[in-house]
Every structure is written in C-alpha cells, then in structure tokens.
Amino acid sequence: MDFLGVITSHYNAFLVGAAMTAVVSAVSIALGMILGLWLAFGLISRNRPLRRASAVYRSAWRGTPILVQLLIVFYLLPEIGLDVPPVAAAIIALTMNTAAFQAEIFRGGLLTIPSGQVEAARMLGIRVLRIRVRILIPQMMRLVLPALINETISILKNSSLISVIAVTELMRTSQQVVSVTYRPLETYMIAAVVYLAMNLVLARAGAWFERRHALAAR
Amino acid sequence: MSFDIDIVFRYGPLLLSGLWTTVYVCALASLLAVAAGLAAALLYGLPFRAVKLLCRAYIEIMRGTPILILLFILYYGGPSAGLTLEAETVGIVGLGFYGGGYFAEIFRAGFQSIPPGQIEAARMLGIPRPAIVARIQIPQMLTLIIPPSTNQVIILTKESALLSIITVAELTKNTTQMVNETFAVVEPYVAVALLYWLIIEGIALAGGALERRFSRAS
Amino acid sequence: MSEEAESGTMEGKPVVLVEGLHKRFGATHVLKGIDLAVEKSQVVCVIGPSGSGKSTLLRCMAFLDRYDEGRVFIENRLLGYRETDGELTRDSERNIDSVRSVIGMVFQHYNLWPHMTALGNVTEALRVVRKLGRREAEHIGMEMLGKVGLNDKAHDHPARLSGGQQQRTAIARALAIRPHVMFFDEPTSALDPELVGEVLQVMQELASEGMTMVVVTHEMGFAAHVADEVVFMDDGEVVERGSPDDIFKRPRSDRLREFLDTWRSRAI
C-alpha cells in the first residue's frame, strides 16, 4: 500500500477534481432549488392540469436511475440541436433530478404552515408571489433545512456519475490517476475519504442548523 | 426526432435479459442489505464502546461515500488486495453492504420505537436475546420499518444502474449496447426508463401490500 | 394471612438478601447502603416519597439496573456478578438468567407485549424458555389467567383490556414460570383509582397463599393489611423498618411522621 506516494504525486489533481465536484454539486443544488420551488407550488396548486403535470415530472425523475437520466440528457440534447459541453449536460441532469426531490421536500414543508397565514395576507391585498417569497418560503426553509442537507449529500455522491460523460470531477480524476499509477485500491480509497470528508462537513453543518433551529423554537 | 418501435422489439430479448439480471441482482443485494443492516443495528445496541464505534463508522462510511467509489474499490482495487471477484458478485456485495448502512438506521429507529419496559419484562422471564428480537421486537417494528425499507429497496434498484459501469450486463448496460449498435438514442432510453419505472412501481406496490397486511394485524 | 411478624431475621435462609447496596446515576447517589432480608412467605412492602430510591432498589434487586457496591443474593446465589477474592466482575447473561429465574416481576406500566393476546403474553416464556408445546403452555396459561380472574379475556389483545386487566395479565405472565418470589414495582400507580382494588385483591390472594413478595407501593392500606414488614425509605436510605403497626401507628423518626402526615392529608 502506498497512500502517501499517490497523494503527494497527484495532490493537485485530487484538489482540482474535488473542487469540480463541489462546484457542480453546489450549482445543481442551487438551480434545483429554484426549479424545485416552482414545482412544489405546482404540486399544491388548485390548477388541476398544473398539479398533474408537476406530479408526472416528480414521479418520472424520482422513479428512474440518475445514471439513465444523465445519459438521456447527454445524448438527447444534441438530437434536438443543442450542442452543450459535458459539464453543462451534467448540471442540467443533476438539476432536473434534484428539483424533483427538493419539490417533494418543499411540499412537505409548505403543508405544515397554517393556511390562515396565507388567507390573512390575501385579505390585506398582498399578491400571491409576494406571499410566497416573503411569508411562506422563509418559514418553510427553516423547517426543511435538515432534509435539504441530506439531499445535498445525495447530489454530492451522485455527482460521481458524471465521470461517465467525461466531466473531470473527483471520480474521473481518480480514474486518470489510476491509469498513471496503477494503484486503484489506494487511489479510490483516497477519493472515498475526500467524499466522506465533504459529506461529514455537510452533515455537521446540518446538525448545527438543526440545533440552532431547535433552540430558536423554544 | 422520430420513434422507431421496431428496434425496441428487435432488441427486446437483450433488454429483457438485462431486466432479469437487474431484478435478481437487486433481490440478492436487498437481502444482503437487510441482513447487514439488522446485524449492524443489533451490534450497535450492545453495551460495548468499541463495537458501537465500529458500527457507527460502517454506517457513516456507507452513507457518506458514493456507491460508484465503493464498487470501484471492490472491483478494481480488490485484486491488489488479493480479492478478485466477478463483476456481478462485486455488484451484489457492493450494493448489499452499501444498502446495509441505510437499513441499519431504519432498524435502529425501529428498535428504539419499542418501550424498553417490554424488553425488561422479557428479560425477567428469562427469554433469550434472539427470541426477544425475533418474537417481540421485530413483529412490532414491521409497520414502522416497512415504508422506509420499501423506499430503500427502490433506491437500491435505481443505484443498480451503476453496475453497468463495472460491466455487469444488467438493464442499463444492455441499453448502452443497443445504443452503440443502432445509433438510436431516443428509443432505447425511453424503453429503459419505462422498464425501470415498471420495476419500481412493482416494488412500491409490493411494499404497500405488505404495509397493509401488517397494519391490519396490529 | 400472617400475623404481625417481628422485623429482622427469622429462622431459615432468606429468599432475598441485600447487603450494603449502593447505586449511583452519574453524580447522584441513589442508594446509600441498603440492607434487606426477605424470608420465605414473607411480604415486604417498601414505601417512601417519590425519588426516595425505592423503585431503583427493586430494579437493582432484579439486576435490571446494575448496582455499584454491595451484594444481592437470590436463594443464596449472588445476582449479577461473579465474586473472586472480594472483587466483583459482571456475570454472564446465562448465569444472570439462571439466578433470576425464580423471580417474577410486575412493572408499573405492565409492559405487556401489545402484538400478542393475553394468553400469548402468559404463554410466551413457557414456550420459549421452558420449551413447552402449545397445548401444554396454553393449559398452564389458562390456569394462570383463571387465577387472576381473566379466563374470558384470554384471546384479547392488551389494547382491548382495561388497565386493571392488563396488570392482572402481567401478574399471570409472571406467575406462569412458577417463581419463588414476586417483585412488584408500584403495580397500581398507573391505574385509575377505581381499578386499583382488583389488582390489590389478586396480590392479597397471592400473599395469603404464602407467596414471598417484595412490593414497592404507594398503597398504604395494602401495606398496613398485608405486609409482614414495612420498610420506609427516604433519600436513598432505609429510615425505619418494622411491623405495619410500628410504622403506621408508632413512627419514631420525623421523616416518617412527616411522610405519613402528607399522605393522610392527601388521602382525605
């Protein structure tokens, strides 16, 4: 076993790969949040076709493997005349996937907010969009933060799949390191530790927020 | 973009053989995951610090590392540690122990849901630990653990698509082969998405039936 | 029913012997050197304010809670530990089970298994521990349920029984393994007042049949009428012990007098 040798000779590669993983995940989570919020309001909308369409989207993206989704986006975009780099395809696929999961999280959070609050705001003449942005979303966010952290962890882990469409994130970097060092065991274990560390930080942050929220609620 | 249903039929046997591999690999991996999770949850309940710590580490590593990395460590790293396994075996073992980390948490919550007084009463009657687990704890946990377990088996089935990357001839792998041979993109991927959706609906239905059966019994 | 028995030792070896028992939960000293001897067919009632340590004492006597110092002997066998040169090391699960096998325990919250019928609860240990066949186990089970007056409820689940019926089922469950001594941990504290009587009556019948019993209780009436010895605990110590008459009519310590005054003022 030669962990040190692999690390010292490819320190930069791992670092760049990890940064790519972090950036792709963060961007996907952020974009997915916007899409997921729209979808969540669609899911609880009074408009029946909109509610149906949102439900179908949620069901399709939650019910198929993310690898298949990634391949579909990657191969289908050129078919409809959109030639985008792999990184963009990866972010689009991860975003559309996490949006479905986040929508379900948001829906659960929105349901816990008493409907009287919305009615009160409507009676004061506040417009729907403004009610959502200033009243519903802030309350709901605090509630769903732990679930959101879990979703972030899951996207961070799933981002390893974009190595398949040649995005040089941590996973693909590791494969490249293996092709040079011929030390798959050490290399992949190092990558595992890096993923684990990033996720532990996220989990800790989640626990901290949860504690703070629990204190604030008292 | 057009849809040529003929290639789907032409490649039907290939897709179906992939489907079958996916089904039995997932079935075996799920069994292993349940067994590993139950073992970890039971060991976690023992009053030994070192054992508890070891179980915690197992659970955190499984939940914090991408399954792809774990599969690569086993499949590509295994041989250099003297462990050469067939791709399919790696798939079952990898998915099984990965899922075990999640099942451990499900079982732990289940065990915690049973008032300790019931266990004390059993201990005072001299009922041995295995009988307490099998006859008193697990039967009462079922209604609580069946929904998250169903969900976990669904997640595991979706993750099994990754086995295509380590050359297991399951559904996604055979679909990719179809894409490479026909240069068609839309048909194979739509077909595979539908097939996954079918398996997953099947699991959800089975889980729902189990849930109803046990909630009626209690 | 036994007449006023003198406190302290009688002839024969005690069924339960507790020597210098200490128990700490972290920094709090819950039991501060308890001594207790329970002779065959004797009924000992432990009374005292909540938080006095009386339930902890009983739980340590059953080794449901580990004690830190002292000894608990059940029929002359050390419970929970193995002693070598005065050093105590934790005993194996198997030996603990074996020493405990003569104790029947009844809990405040019944602790029935909700997924089994009353009969299922009573027969479980017979089937799993004694390895009896279903027929034989159910025969004994019905006999035990009959003893507590619940023959007609045998096939009901606990959720369909009243609190008093649940506690009587729990008593039948403990009796099924033919214990030599019964431990009762506040058996009527969780019950609605109108259901207390039926449980106390079953316990009184047991006592009159000569069952050895240790009862942690708030039921002063029961203690006064049924106990051979009453032990008053406060703040982790035995403050006073004696016959029911001694304890209830001639209290010597201020703490006991105060406790009885509080209880009488509440009882009215």
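Each chain carries a letter (A, B and C) given by its place in the written order, and its residues are counted from 1.
Everything that follows uses one rule, which is that a contact is a pair of C-beta atoms (placed from the backbone, for glycine too) under 8 Å apart; a residue touches a chain by one contact, two chains touch by 3 or more.
As the structure is a computational prediction, the values presented were derived from the model and not from experiment.
S.K.: Which chain has its C-alpha centroid farthest away from the centroid of subunit A?
M.R.: Farthest chain from subunit A, going by C-alpha centroids: C.
S.K.: Which chain would you call central, comparing Cα centres to the global Cα centre?
M.R.: B
S.K.: With chain centres defined as C-alpha means, what is the inter-centre distance between subunit A and subunit B in Å?
M.R.: Taking the average C-alpha coordinate of subunit A and of subunit B, the gap between them is 22 Å.
S.K.: Determine the centre-to-centre distance between subunit A and subunit C, using the mean Cα coordinates as centres, and give it in whole Å.
M.R.: Between these chains, centre-to-centre, one finds 57 Å.
S.K.: Quick one: report the Å distance separating subunit B from subunit C, using the average Cα coordinate of each chain.
M.R.: Between these chains, centre-to-centre, one finds 47 Å.
S.K.: Residues of subunit B touching 2+ other chains?
M.R.: Subunit B, residues with two or more chain partners: not present.
S.K.: In their shared complex, at which residues does subunit A touch subunit B?
M.R.: Contact set of subunit A toward subunit B: 60, 63-68, 71-72, 75-76, 79-80, 153, 157-161, 163-164, 171, 174, 178, 183-189, 191-192, 195-196, 199-200, 203.
S.K.: Taking the complex as given, what residues does subunit B use to touch subunit A?
M.R.: Answer in residue numbers: 1, 60-61, 63-70, 72-73, 76-78, 80-81, 158-162, 164-165, 172, 175-176, 179, 185-186, 189, 192-193, 196-197, 200-201.
S.K.: Taking the complex as given, what residues does subunit B use to touch subunit C?
M.R.: 115, 117-118, 120-129, 131, 135-136, 139-140, 217-218
S.K.: Within the complex, which stretch of subunit C touches subunit B?
M.R.: 62, 64, 93, 97, 100-101, 103-105, 107, 109, 111-115, 124-125, 128-129, 170, 173-174, 177
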